[in-house]
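Below are two complexes that have chain A in common, paired first with chain B and then with chain C.
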Partner chain A sequence: MRTGEKTTILILDDEPIVCKRLKPYLEKYGYEVETFTDSSNALERVKEKDFDIVITDLKMEGIDGMTFLTKVKEKSPSTQVIVITGFATMETAKQSYQKGVFDFIAKPFKLSEIHEVVKKAEKKLKQE
Partner chain B sequence: MRIMFVADQHEYSAFALETVSLLARNTFSDVTILGILPRDMASSVKPGKPCDLLLDHPIINALEKYRETFLAHWEPNESPYSPTKCQYEWFSVKDGLCEQMMVCRGSIKDLKVRLRFGQPVNETLAAVEEEGVSLVVLGCTRGEECLWKDNPTFPQKLVQAAPCSVLLVKEAERIEQIYACLDESHITQDSLEMVNQMAVLHGAKVNLVALTKGGGIKAEVYPWFDEVLEYYKKKGLDVDSQFTEIEEFEQFIRNKVQHGLLAMWMGKKSLLEKLFHKDSIEHFISSCRASVLVLR
Partner chain C sequence: MFEAFKNAFSKIFGFRRKKQEYSFVVLFNTFRAILSQNNRILELMADMGDKLSGEYVFDKQYIVSACEEISDQVYKLIYNLNVIGDHKYLELYEAFERIHRQIQEELAGRPTIPESPYAIPLDLITRDLSDEVGNKAANLGEIKNILHLNTPDGFAITTKAFKDFMEQNNIYEIIEHVLIHWDGLDEEFFFDSAREIQKRILAGKFPRKMLGEIEKTLNLIVEKSERERPFFAVRSSAWLEDSEHSFAGLHKTVLNVGKSGVLDAYRVVLASLYSCDAWSYRYNKGFHEHEAVLGVLCQLMIDPVCSGVLYTLHPTEPEKEVMLVSASWGLGPTVVEGVARVDEYQVDRSSGHPIVSMRIVKKEKQLTLLDEGGTLWTSVSEDKQNEPSLTSQQLKQLADTGMLLERYFKRPQDIEWAIDKKGEICILQARPLAVQRLELRSECDLSHLMETATVIMSKRGTVVQRGIATGSVFVVGDDTNLDEVPHGAIIVTRYTSPRLARIIKRVRGIITDYGSPTGHMATVAREFRVPTIVDTGIATQVLKNGMEITLDATQNIIFEGKIKELCLYELTEETVFEESYEYRLLKRILKKLSPLNLLDPHDSNFTPAGCMTYHDITRFVHEKAVEEIIRISESYPHKLGSRPKRLDIEIPLGIMLIDIGDGTSVDAAEKVVRADQITSVPLAALLEGLLLPGMWDTEPVTVDFKSLMSSITRTFSPSAAGPDQIGRNLVVVSKDYLNMNLRLGYHFNIVDSYIVDNPNDNYAYFRFLGGVTDTIRRSRRAICIAEILEHFDFKVETRGDLVVGRIKKLGRDQMCERMKILGALIGYTRQLDTQMHSDDMVEYFANRFVEKLEKKNSLNGKGGNYENG
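Right, the complex of A and B next:
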């Protein structure tokens, strides 16, 4: 993470309303946010740019969230990945942590919950 | 998702804790177990002194037991709540004096056990707001009532006032069907997602029930109904739809929703609210022998 620069966040969720809620909320706190509803497009963007934080849904058409986060971590191990899912199971939670995600959040969530997790992820990035 | 389990020391709370534990196993949510005592008892509590030695009330032991029972639901080394992150933190022990104490927090997720003092509904609402809670869970007496022994109307008053979804746990029945009843309430994304999680948790079928009046459904409601149905189908849930007359809703609950979860959208625009005035939610919760999820 580069000192003095804005923390960059990529959000991937196939439900536009989730991106619509999160983007302005996080931008208000000074983050640089890009949103995607299509996992293939998000993956293309990840190939071009290393994001500080990635927030991704799990259950999506095409490339699913687990595959996406695996590719994100392969490309940029320092990126902190936060999983958000409307279909949480113990298995997906455990699998996510095994793949090195920073946090796993079941939907629904309050925006303040996401902000707190993002702040913790940011703190970890600064310590590394 | 952050879950708040509001509990007293009675059997139905211990029973509802099982549902909270099940939810936590699936969702890895931050969980707060909250007990509430009368405000006058707060005078016994002194900063820097152990609360459990100063307060003589059965809720103290009950909360301790709930914490142990909750944590016992996990295999060793698998719990996201196991207190492995131990570090010194500063605490105010009295005015003008801070002390460092060793605190062990959950390895991945937080389990907090808290006591508040004051009017139960107000204190719960304040805690929901402060902690950004998405779901409040509480137990209540079974059968055709839903009460707390020491404060009978607390569950119903809380359901009326809560800004988020509330799960009232009444029976030990396995939930195979969720009856999600829809009138003209505003449907939030949060409430749709809450039904998703419940369906996944129980492997349950979702029955989307549209409430009609005089055989009809309002023109503006039908697209909503269709949209919600398509949303769940697209998400791969086992979902079906049906219509029920609002005048026959109580009968519908008594006949159909005895072995499942009754989920009701309760917004400001609810037709049920208008038809049955302020008693509506209490009325239907009492009619239902199964657990009730009030969606917001």
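Right, the complex of A and C next:
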């Protein structure tokens, strides 16, 4: 991770409300945030740029979250991936730990919860 | 564990079943299932309510799945009641279907227009009625009735009226036709259709009942105004208007309409919904046509000396921290429609509001009211043409009002105002102002600012109302004259005194040493949305008069100095949570779930048809389920091997006891059982606690109070829930088991417990659900109960006034002690209602209970160190 620069975060969730609320919240803490509601657009962006942290939903139209995060990890293994997913799909989500996912958060979640996880991911980035 | 139960039951009731009849085991297990579904439903409702607090990120999927689960539980509940109730309650399925369908419609994006009167006086309107009257009227109602600012009196013609008018005149048909046949390109077809709709609306007939109601409300307002010849301004108040979508100028306003012209003006305003401009705006913005719903606001006309518009923040240069005011002589359209030159002022946003700049122009024309109705452009007299239309005093007042509205609505505001002949400022309408997103330069990056700022305190106390405020500290003591509190101050005080409610409107924030988030002051702070943190412990020690601070009640941090960027950042955020579709959707859905209308089982509306919400159904089912179990045990004593007995104790609880195995020592045929004949381990222990002296009494407790809390001078009414309000209650017992359903007045207590020698099988479950008192006292009571339960090692969950306590796997004696405590608590809580006058009482009553009990029992709470075993 480059020091002195802002930590970059990409958020992918097909429900716009999630992006709308996370972006300003995380920006306030000094992160550089880009949001996507369409997974193919997000994938295009990931091909152009390596993000420090990727926050993604699992169940989406088109390319699903699992495929997306696999591609992210292939391209940039150091990227920390945080999965946000509905409570019902949590169990299946956890089975994918071997894909190198950093952590899981069940929706709905508190803003402070995701901030904590992002901070932990940041710490891990610094250690690596 | 539960299997052990079932086996025990089966052994006891190994009788032969008659055809189609269920055994008592099945019925009783069904009853238990009803209780746990009942719980789950209450928990789900409370969880969904929590999500509105702003702390959570949730999406539509959450709302959909929460609705699915709760609907599923309610359905099962009804099914189960019909199992134990001989299918007497099939009508509940109709109530379920009705509510379920409404929820589905909401989820499908087809919000239902609520049933309401055709016209509602402004006095009765708040934002809760935004679906009924549209946003503009709802906002104004809030300004009039909550903030008590000067606004013209009037009334709203509701969205229900709109719907019935459109239906009566077959207008939905044409709209439907357009929606099906328009290719999105053929302008002529679109415009022709729009014109046809407008024509029909303008010639439309009113349903008779609607005419009557509007006229009645109109007369009411006219009478109250004491004006001889009242005139009205008739304005649109659409569902989505004046929210994040302004629709500015798209819908018509008709000014200065006489009484007899109101209905014509109503048609004109309605027709403007289908002007080519308005319709294409909706089309282009992607609104659904069923969202095009219009309320209409009729305000008494005022004859202003001057009027104008106030923006509380510069829309393109928010970082300048100024307000913009435009003003001109006469009526508002001069300014709003930009038809003539107007005076422009820039005023500083900080308190005192110094004028930053002004541009006074020559104002030759003004729009004035005609005596016979309507308006006319007239010339401004020579001497006034070059005169500023506002004095500096008026500007300051306007700015203060603007800031109040902005703080309240949590958004920069676009306000239409007027100043009447008496010189009073009058708010005509207020709506959110779209402001350019604040671009943060990296050197003044917020996280950097927050890191470098000195933190005075962090994460102390409880956030009552989120939000950010900057300002100067003003410490309020017991004898501070509240009139001395400056506008825009952040007040710091030792206690959450209700006394502060009077000045809450004009302060920017509140920080206290003590107090609870459910107190009266906290409620008022939330009502006015003033950022507030209570119970910090040290506020008055570290914050002194005149200190400049930033109160960040979103992160719960207090910074030294004014970090105005933080304030602005929040103000210019793209999405305010409350404006999001998901928030509105969840809120609308909760209206169909949570409100409880069935309060008293003796009321005539306590029927399946009277169930308006899932909560009503849940309440109805629980009441009937208890009745049914008693009925079954009375009608079929042979099934039990023992007839139901009246529990004869000193306290009038009206308990029917069903013994399903060695729970009493009396003969099976006996109709009455005394406390000393109870052999059921959990019930015997519970009764012991309930019958402790002092737990059930309703004596007024004035004496030791006065010494404790000088602030409270009232004596307390001894009329807690009297015995006459006690319903028929049920206890089912065996030697090791107890299930108790107790309604005392409007409270419900449920106890379910199993106690044997093996600690691993032991458990006790206690549920308290309060009833009708004001919400503040209710939550105080809940907190008090929770504190007591926690003191005795229960695992406690509190949601609103629902308290659930669980404990398990203790040894027999320790379990019995817990049952004793529950018994005492049930008696004790009955007193609490009338006496919870302030937050301090929570602590006091909790302590008093624990003391009483520990004195009597030499019981120790924490740590499970028992001397008496």
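The working rule: the second predicted complex is superposed on the first by the 123 of 128 C-alpha atoms of A that agree within 3 Å, B and C clash if a C-alpha of one lies under 4 Å from a C-alpha of the other, contacts with A are read in each partner's own complex, and residues count from 1 in each chain.
As a working rule, contacts are C-beta pairs under 8 Å (C-beta built on N, C-alpha and C of every residue); 3 or more make two chains touch, one makes a residue touch a chain.
None of these values were measured; they are calculated from a predicted model.
In the three-chain model built by superposing on chain A, chain B clashes with chain C. Within the superposed three-chain model, A:Leu10 lies out of touch with both chain B and chain C [touch as defined at top].
In the superposed pair of complexes, A:Val101 makes contact with neither chain B nor chain C.
In the superposed model, A:Val54 lies in contact with neither chain B nor chain C.
Of the two partner chains, chain B is the only one touched by A:Met90; chain C is not. In the superposed pair of complexes, A:Lys110 makes contact with chain B and with chain C alike.
By the document's definition of touching, of the two partners only chain C reaches A:Pro24; chain B does not. Superposing the two complexes on chain A places one of the chain C stretches 471-479, 489-497, 669-677 or 795-803 into chain B: stretch 795-803.
For the contact definition in use here, the residues of chain A common to its chain B contact set and its chain C contact set are 15, 17-18, 21, 86-88, 107-110, 112. Residue ranges of chain A in contact with chain B, taken from their complex: 15, 17-18, 21, 59, 86-90, 93-94, 97, 103-110, 112-113, 116. For chain A in complex with chain C, the touching residues are 13, 15, 17-18, 20-24, 27-30, 86-88, 107-112, 114.
On the side of chain B, the complex with chain A involves touching residues 1-2, 25-30, 78, 80, 108, 132-134, 165, 189-191, 193-194, 196-197, 200, 235-236.
The part of chain C that touches chain A in the complex is made up of residues 51, 55-62, 65, 445-448, 450, 569, 573-575, 577, 580-582.
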